[in-house]
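Multiple structures are listed underneath, in structure tokens.
There are two complexes below, and they share chain A, which is joined by chain B in the first and by chain C in the second.
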Partner chain A sequence: MAQSTLGIAKRSQIPFKLVTVSGIIFLIMAAFPLFFGSFQISLMSKLLLFGALAVSLDLVWGFTGILSFAHGVFFTLGGYAMAYYLKLNLAADGNTYGIDLPDFMVWNGLEKLPWFIAPLKYFPIAAVAMVAIPAIFAYLVGTFIFRSKVSGVYITIITLAISSALTTFFISQQAYTGGTNGITDVSRLSIAGVDVPLNGLYWMILLFTGCVLAGSYWLTKSNLGLILRSIKENENRISYLGYDVASFKIFIWTLSAGIAGIAGGLFVPLNRFISPVYLAVAFGTQVVIWVAIGGRGTLIGPIIAAMLLGQVQNYAERVTQDWQLVVGILLLVVVVFIPDGLVGTIAKLFKPKQKVAR
Partner chain B sequence: MKADQERSKKRKNMFYYLAQEEAASSFSSIALANQLVNGIGIVGILLLTGLGLAITFGVMRIINLAHGEFIMLGAYVTFVLQSNFNLDLLLTIPFSFLITGAIGALVELTIIRRLYGRPLETLLATWGLSIVLQGVIKLIFTAQLKYVKAPPYISGNLTLLTDEQGSPAIAISYYRLFIVAIALALLALTSYLLNNTDLGRQVRSVTQNRDMSKCLGVNTSLVDMITFAYGCGLAGVAGTVISSLKSVSPPMGQDYLVDAWMTVVTGGVDKLVGVLAGAFLIGQSNAGIAYLLNDPVARVIVLGAVIVLIRYFPEGLFTVQKRS
Partner chain C sequence: MNSVLSVKNLQVVFSGFKALKGIDLEVGDREIVTIIGPNGAGKSTLLDAIVSKSPVAEGKVYYQGKDITNKTPYDIARMGIGRKFQNPNVYNELTVFENILLALKGTHGIFASMTAKLTPQKKNKIIHVLEQIGLLNYASTPVALLSHGQKQWVEIGMVIAQDPKVVLLDEPTAGMTPEETYATGEIIQSLVHNHSVVAIEHDMEFVKQIAERIVVLHQGEKLAEGSVEEIQNNNKVIEVYLGREKIDVDAAA
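On to the complex of A and B.
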């Protein structure tokens, strides 16, 4: 009880210090493209997106206690929606075979654009689809699994199965998804006929990640966030208090899938391809690792972990082939010895001790 | 441009050819029977890989995502013994059981024990462990594919039925039968150990009610260690037996991990027969659907079915009513 009232008291103040500090960091990040080359900008943009993806998982795992390996799936579904748009626009320009068909569909003997892909030719539809497809998929899955007595570990196993099944499915439907290669050689992103330069894309992504972070912060400090955290701590007690636990879970699950989908959609114009690699369990665990190392329930931790590990990986992979071994050892050490994650532990060290109500 | 067009034409032709071939091999009960007989081989592999997992999950309620890597370790033990001492594959089974079991005990002592009662943390830690084990093996043996020889006396096919031309219509390789035999033998052994020994009784009591067993003087931490080591040892045996089917490589365990988990959650972990049932259900439905449609679709359907199953029977199909 003391904990919760403390939370409400804090919430009513506007955190000026936090706003100033994050504003300054945002401005520094915004100035980033002015000082670095296109390779660094592109890498940084990808890492920002991975950061947003990690935050979306943090909402579900760190705050609500649902460990998901399927966030790579939501990311990739959004990515495919955008990739179809970019690919179809390339095909319409007459670059391939003179017909309005992406190359991989021609190779696989398709003669006509399938009806379920055709609408993605238009930007507004693709933009909506990149959020809606993962969100609807997550909503259906969430409604199915959260409205039952399935809990904790079994949900995680279900997410593993989803990731594994979809990977197999996308690889097998070669004519529609491009199989193992995925959708490659997509066109550059252009909105309303204007090409978006790399810097523009970077700023868009920075804005998106900033919004995700700010929105998540606001969400977790709100009453809703309090309920979510309580679900993580003691699900039964919350349901005895009259809250419909399943609805809250489904809401946050769908929201987080939507965020992951947008991140995936923005990832494609940067990466210039999307493939089942991002659907697979390995990528899903990569996201989990970022959140675990950064610190569950800290929001900023997962972003920092994703960006730091990504940057280090970029250099380490040139020097050694055993970068994954280092990640594994890091994960083991964090899980066994510092379960709060790096940022969580540092925050604990500097936090003044809370007064305990007696 | 022109070359591209020709290539696309060729691809198209190939596609039509494939489609025709598919249409030609229309439904035949003998081919289906053959598929189902060969599905028994898949059942054997699932049983073998799921058994160790079922025991550790049942007793300790921990999610071991490094199970695939213990399978991989078993395969490497066989590879090392075979390439250095020219040992027969069958003779390496005890070694791989003991070595992977010892590594499992070490892991339990250093990592799993610290995370007791936090299943999601163990899941993460074992995932980290799986990355580390893969990395270490890659450091020692490089990422190159290694090959293990199957015992020469277990070769050839058992033909159950021949068609008019005298070629086998329903056939299964002896090696797959051997896998099934090993899996069943291990199942019987485990069942004997669980039901007819003192340690087994303690293990079962811990499975049913950990706190109560502790009160009654069962050394639960010792039981945990032995169970985990035994589960890992079984994974090692699975690795040895599977090693000659495909190549041996650091990421080989990943292929078996998800399927082994699906087997375990389908059958439930309260009774050993659950694992057998899970393996049978998944293996045979996979084989049957793969015959009617195709392999990837079969996998997707089976995984979807398992998800639905977990939704309605989270404890698996074969459960014991118990107070918690």
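On to the complex of A and C.
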């Protein structure tokens, strides 16, 4: 009897309004390729992937309170897995040297394909690697960080170090990674022998980003979401309620890296190359900016921010080369004046007034 | 006596400073033990050492006969020891309901928490706890909006929701009005039907309301132990501790 007035009963019901609105937006997004040219479709696909990447960071930063500059790294690790697959499946006549060995390996004097790259020629292996490599890497790093009770700003510093270290490492291993140029001139994506057209790729990516968003929403509304928010507010208290905080952090960290990896994998067929640029701190910072401007802990905010900034950047770069300066100023304005981000602030304005005690 | 919680020769050292110098404590089934002592006596440190918040340098903590010394805090919590901290340690960004839900016994695993459903039993249990702490009408209110005393009750509610065998309360009435303090005393007395309680307190009036057995700590050592009567008439206690408050006690009594 009293339960419905407590706002308790709402929890388990399906939010019909939300499902309807997101369904309509999804359909509009799905119709997008019918009205725009290939440049816009390709741009929009990339922005959707950046959106998914931003959501993956939001799970870790917005909900759990772990600020990471390494999400560009997880994205790029997935990207390399896919890039090797596409490079190794170039038709022999499309390959500069007409043999199985990618061009950059030939230039660097390799005579045969290294054993750890060879299996990526097969799609199932590459598809698994795209998720597994970033996820396993994140799991190892996460176990080290979170079990050793490193916390707060030190975690962030470690993620910066990871980003810098891997950038240097990938550049130095030119024979295996293509060095500064990365892996270029990759083949188009084909699944089971069928070429995937741009529209198909766009829909795949839309579906992926939709699933990431819906899955993250479901996850954060479950008890797990409650636990993550508690860890963010006060991680010590919750361990005295019987929760192993480190294992929750490692889980969400690894999951988020896996999502970022898939986004990176899908990015390569569009971008047609991957390089250490995406490993670098600058790209990791970009992801942080999307989440900060869109609104931490809102899930949809970071996607909107990634898309808006991407679209504006597309036009702004034709006018000025100092676009990054504009983004920098925008970030400062958001951090100082609207710390909840765009969506967070709007949501607060529309939220009904809470009952105040006494 | 059949002890639920048993502390033997417990020592805690903070970078050379001995905060606890060998404390023995026995807590029986469904018994209230009240710990008093001046500031810096080691009261909170004793509770911290029991739940592994502070590392035990020497000595042992047994719970139901099992050695739990320096086990992880979450293991100790899962075994059945609940802790309320000195300043209300609650989740301000969550609602009262969510705070209690979080503390509820049972779903501590990652995958279990993902798929956990709010069953009628759980809901009823939470409502029952909310009734006990008198906050049923505030279920969907964010804790940040509550008064200090109400936050204290939320945390007591969290400990009750954990359904521990042993409840450790660190100054449950700090910052409360006399009426709130009295209501808290009733909550604690109702707890004893199902739980053993160890409470740290300063308010002598409150101690008299709830106490069965009192332990007095002083400079990391146990100074005295006994009933309210015995403690009030203990010369050592009067000397170091009650002396300056005796007037208050008498005036209040």
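Please note the rule applied: the second predicted complex is superposed on the first by the 341 of 358 C-alpha atoms of A that agree within 3 Å, B and C clash if a C-alpha of one lies under 4 Å from a C-alpha of the other, contacts with A are read in each partner's own complex, and residues count from 1 in each chain.
One rule holds in what follows: contacts are C-beta pairs under 8 Å (C-beta built on N, C-alpha and C of every residue); 3 or more make two chains touch, one makes a residue touch a chain.
Only a predicted model underlies this, so the values are computations on that prediction, with no experimental measurement involved.
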item: First, second, both or neither for A:Ser230, with chain B first and chain C second; value: second
item: First (chain B), second (chain C), both or neither touched by A:Val153; value: first
item: Which superposed partner A:Gly328 touches (first chain B, second chain C, both, neither); value: first
item: Partner chain in contact with A:Phe169 - chain B first, chain C second, else both or neither; value: first
item: Partner chain(s) touched by A:Leu308 [first = chain B, second = chain C, both, neither]; value: neither
item: Chain B versus chain C as contact partner of A:Val128, first or second or both or neither; value: neither
item: Contacts of A:Asp244 with chain B and chain C, given as first, second, both or neither; value: second
item: Superposition-derived comparison: chain B or chain C, residues of chain A touched; value: B
item: Chain C-contacting residues of chain A that also contact chain B; value: none
item: Residues of chain C that touch chain A when the two form their complex; value: 51, 53, 72-74, 77-78, 82-83, 85, 89-95, 97-98, 101-103, 105, 107-108, 110, 113-118, 123, 126-127, 136, 138-142, 145-147, 150, 158, 162
item: Parts of chain A lying in touch with chain B, wherever the complex brings them together; value: 67, 96-97, 106-109, 144-145, 148-154, 156-158, 160-162, 164-166, 168-169, 171-172, 281-282, 285, 288-289, 292, 321-322, 324-325, 327-332, 335-336, 339
item: Of chain A, residues touching chain C in the complex; value: 2-3, 6-8, 11-12, 219, 222-224, 226-227, 229-230, 233-234, 237-245, 247-248, 251, 354-358
item: Chain B residues within the chain A interface of the complex; value: 4-5, 7-8, 11-12, 15-16, 61, 63, 111, 114-115, 119-121, 123-125, 127-132, 134-136, 138-139, 254, 258, 261-262, 265, 294-297, 299-300, 303-304, 306-307, 310-312, 314
